[in-house]
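Should a chain be cited, it is by its letter among A, B, C, D and E, assigned in written order, with residues numbered from 1 in that chain.
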Amino acid sequence: MNFDIEYVIRVFPTILKYLPVTLEIAFLSGAIAMLLSVCIVLLRRVPSRILQAILNFYLDFFRGTPVVVQLFFLYYGLAQLFPIFKNLSGFSAAVIGLSLNASSYMSESIRGAVQSVHRRQTEAGLACGLTHLQVMRHIVFPQAAKVAVPTLVNDFIGLMKSTSVAFVLGVRDVMAQTKMLGGSSYRYFECYFVAIIIYFILTKLIHCFQKWLERKLDVTTRKEGAACSTSEA
Amino acid sequence: MNFDIEYVIRVFPTILKYLPVTLEIAFLSGAIAMLLSVCIVLLRRVPSRILQAILNFYLDFFRGTPVVVQLFFLYYGLAQLFPIFKNLSGFSAAVIGLSLNASSYMSESIRGAVQSVHRRQTEAGLACGLTHLQVMRHIVFPQAAKVAVPTLVNDFIGLMKSTSVAFVLGVRDVMAQTKMLGGSSYRYFECYFVAIIIYFILTKLIHCFQKWLERKLDVTTRKEGAACSTSEA
Amino acid sequence: MLDIRGLNKQFGGLHVLHDVDLSVKKGEVVSIIGPSGTGKSTLLRCINFLEVPTSGTITIDGLTISPEHCTKQEIYQLRHKSAMIFQDHSLFENKTVLENIALPLWSAYGYTKAAAREKAESILEMIGLADKRSAYPYALSGGQQQRVGIGRAIAIEPKVMLFDEPTSALDPSLVEEVLELIRTLALKHATMLIVTHEMNFARNVSDRVIFMNHGSIVESGTPEEIFLHPSDPETQAFVQKSVHRGGPLVL
Amino acid sequence: MLDIRGLNKQFGGLHVLHDVDLSVKKGEVVSIIGPSGTGKSTLLRCINFLEVPTSGTITIDGLTISPEHCTKQEIYQLRHKSAMIFQDHSLFENKTVLENIALPLWSAYGYTKAAAREKAESILEMIGLADKRSAYPYALSGGQQQRVGIGRAIAIEPKVMLFDEPTSALDPSLVEEVLELIRTLALKHATMLIVTHEMNFARNVSDRVIFMNHGSIVESGTPEEIFLHPSDPETQAFVQKSVHRGGPLVL
Amino acid sequence: GGGDTTSSSQPSAPTESADVTQAQTESETITLKIGTHGSFSPYAFVDENSDDPQGFEVDVMNEIAKRANLEVDIQVAEWNGVFGMLDAGQLDTIACVVSPTDERREKYDFSEPYLRMDIGIGVQEGQADSIQKLEDLAGKKIGVNAGGQAMEFLESLQDQVQFEIVAYESPASMEYDLALGRLDGIYESIVAILQAQGRGDCPIEPAAMDPLTTSVCAYPFVKNSERNAEVITRINAAIKEMQEDGTMMELSMKWFNLDQVTI
């Protein structure tokens, strides 16, 4: 394998240039998806069959089918049916599509975490006169947060990587650029190596943030006890 | 939009034909990844700095960098460095790569769920003379399971969709075939429509299984109480 | 103040409460005693609809609710008229001691955050936990948790207090303090329903004692009637044993 | 049998246990009394290393462990010599009542699954919960949970039993039964350390009573000594209050 | 050598095209959005030096635009996305080796073909003789790039000779697999095989046989549009002119060093 380190150095900035696109789409969609997922989790408890059926469809559709296809239909399908959508930029369509997509699996991550909060905590809140929403806001979500962090970070990293599908709408991010350069120069190893470095560093940073967050959110367990168990295991 | 429903019907079986590939890779990698992740979660508690650094690297590398890149390096990079890997089939490489990849984020999902089990449960087990491993096996993992199910199902569905990257190694699954047919007929809408239907039905089935599993694993909370809260919210 | 009519509660096939009728007047302190698993906690939980009764009606302070037709709003209103001390304390695990007491005040009872804090501080003084103000529940001893639970409930100053074994984790001197507290509250016309296993406590605190067995109210009367002259044989047997155990302390 | 030397425990800046020394002979029943938050539970938890002491040594049945050098194996061995009843019961939430009792037997104490089940069944008979065999903890009343916790600990038949308020959720007649149980166990030479708030219980059950305050052992003696002639003023005050509350029941 | 001859004909090109533009002076400039591939070297690709696409297709399109009074905006996107954009009206046409098959003609109107693509078998370097005729394929494992008619053609060969077909998502992976010996041959455009050989990192070469197929490429347009009909007419005229004045050949030699424009 004749790995050309000079080429790597030469090509690095041309790939890195697209990092802002990746980050913008990821953070925008991530934020919107978080909001949506919290709403979905709350709506999940509304006792309406129709609403639940709609939510189930939403969930199965967006987490089940490939994102490319979703974007494709969103961007091209809608544009063919409703001409106003022709003015939608590829970037906006990517953000909308990825938000919907991410909200579907993030909502499940959050629902799982919410389930982990002991029902007695909810009962205590209700008995103290809080409404269900208040209980969720002040008691359940804060306790679920610690549990949800690892999976939400997974989801976010997944989202960050999936921004490359926006290339199907002509929006070029780090990975799209990487593939394209690799495809034209046939120096896949070099280009992919650059991508690996960029994504790895990003993930490392996110991972550090994750650890900090988990520590910060961990107020419900005996930290000392936990430390002891580690040193024994 | 001149959507050709006849073409959809014609093309359906030729895409469906590759469902077994998708399922084989997904289930094989899923099973291996589950095993790996449980091991990783257990190893996470071993108090060795070196081991933890390795695990962190593993985690950041496999969940952080794009799967295509991982597969590419695994299949082509290794083969160029170590000639024995030349005999690796694309299918095996895909299964190995996807297992490693999935194990990284599944392990985080499981870790999150494990954290949600109250420390008092572990203490009770230890005080009863169980070892840490036994406590994990009999007390913590079963209780974490309920919490982990939604995210693990997310992860599995993600894995199922990502089998299409195996196409980079020449392994054709549902999505690869879809893209290919779309590429030759340029009837992307029709082909994607077929893919959507297949993936949607698969996801629906998995979702049903998920619901059943969640119900079955839910032995630690007042179901009646939960029902009541739903009817109120 | 509190009126329960024909209350039934079933858990699946298990019939836990049988046609319970109970009226408590304003300012009355009623103790509920009875063997383990008889449905005492379930009764309290039904009163504020944490457990939806199978049938029957609950009236608190003029608001009547039955499981057949009750809106979410009505249930919230009902709960606003009562506060509960849980058998297992059930503190909010993500809140400090101070926040545990202050949160319901500002979020559900219209206090400003500052006023809620102030009130919480004064309650903490009262229950002797001012130094644990910023501790999280996991770092509290059993008795400390129980006291925070008590503090959280009394801070609300509800019409009706539902106490589920409020002194189980307390040492005798603290039990004495809770007794004092309840007497003070009674003077302020708070209505109280107290489940307890401590016969001395029941005897000293209550205007009326109720003996429950197998999900029904077997006997109800003044402490003297129940403890000294129980009419029902079941009550007799229960009280007998209670008093028997080890005999009275002799100084 | 049990020997504690110079035990200290700090939680961050909080010094909870101060140089605790305690020896318990084989078959001795020792009660620990003391005000809330004094470190009684922490002491029990240190004894089986659920809480790692800051310093000091624990010896059970010849096995000595100190926090400075202890292997995982030693800690497991130590724990095998004791069983604990938790203040909050801490049942395994994913296991039925029967499994809660049987699990430690077959997984940690070499019973076959069948033998473990059989033993669990007999324990269930003893604690009067045979009909709750297949119930999960969430469906148990407070007293039922506590009894399962007791059952789980005694099933193990350990050298040393650590009871943290084993009767807090029990009505008097059940307290009586637990008392009986402890007496039976004492006859079988089980060593017991019982934290309790019920003075009558402490008095009736123990060979020796220990009064703890502020993380130290203040006084130790026979029940008569502690309850009738306490020498230390702190003990005096505590016992005084305990006995004062409401006075003895008069039949 | 060939490069010189074609470049010598370049000066004459503007003069000839001037006539055409004169003929169309009344017609207004039409702006076209054109999609192309980002990594199909040497047809259309971007590299580390420029974000804008370059390659044979780009040069041809720019030249056509000049002559046909078009203003073109060439964008890259994922290959499947390009067709979505075309269908959705966000692109007017695609400039990247699109072959007008019967199936595609049902859906699109095509311009006249301007490019030929010879497709044949590539093998490991030094084994050019291993496949000399169709029968030699028997029992072999042949890679093909997915999604073109190349694949369909290979499948149609199965009637005459039995061999295994492996479809790939990108030509690079099949070339690597061939070089690694995981494949016995690949079915790819001769241009691509030669390019891989020229790069030197992937030791493969064309087999010693004639190309198996030749397909032609043209520009697809959405049907039933007057504007598109007008554009197609103009493009066809420009293509014809470029073929006649040698501009096409010149570009073919520049990018392929091979004649791929004689239809």
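By our rule, contacts are C-beta pairs under 8 Å (C-beta built on N, C-alpha and C of every residue); 3 or more make two chains touch, one makes a residue touch a chain.
As the structure is a computational prediction, the values presented were derived from the model and not from experiment.
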{"item": "Shared interface partners, meaning chains that touch subunit B and subunit E", "value": "A"}
{"item": "Of A-C and A-E, pair with higher C-beta contact tally", "value": "A-E"}
{"item": "Averaged-CA centre spacing for the pair subunit E and subunit C, given as whole angstrom", "value": "83"}
{"item": "Inter-chain centre distance, subunit A versus subunit B - centres from mean C-alpha coordinates, in Å", "value": "16"}
{"item": "Length of the line joining the C-alpha centres of subunit A and subunit E, rounded to whole Å", "value": "38"}
{"item": "Distance between the centres, which are taken as Cα means, of subunit C and subunit A, whole angstrom", "value": "45"}
{"item": "Interface hub residues of subunit E, defined as touching at least two other chains", "value": "80, 84, 87, 170"}
{"item": "Residues within subunit D bordering two or more other chains", "value": "11, 50, 72, 88, 138-139"}
{"item": "Per-residue overlap in subunit A, given as positions that touch at least 2 other chains", "value": "72, 76-77, 80, 119, 123, 132, 179, 188, 221-222, 225, 232-233"}
{"item": "Residue ranges of subunit B in contact with subunit E within the complex", "value": "1-2, 72, 76, 79-80, 86, 90, 167-170, 172, 176, 179-189"}
{"item": "Interfacial residue positions of subunit C with respect to subunit D in the complex", "value": "11, 33-38, 40-42, 87-88, 139-144, 147, 164-165, 168-176, 179, 197, 199-201, 203-204, 227-228, 238, 241-251"}
{"item": "In the complex, subunit C residues that touch subunit A", "value": "45, 48, 50, 72, 76, 79-80, 82-84, 86, 88, 90-95, 103-104, 107-109, 136-139, 152, 156"}
{"item": "Footprint of subunit C on subunit A - complex, ascending", "value": "120-121, 123-132, 134, 138-139, 142-143, 219-222"}
{"item": "Touching residues (chain side subunit E, partner subunit B) in the complex", "value": "79-80, 83-84, 87, 101, 103-104, 107-108, 143, 146-149, 151-152, 166-170, 173-174, 176-177, 180-182, 220"}
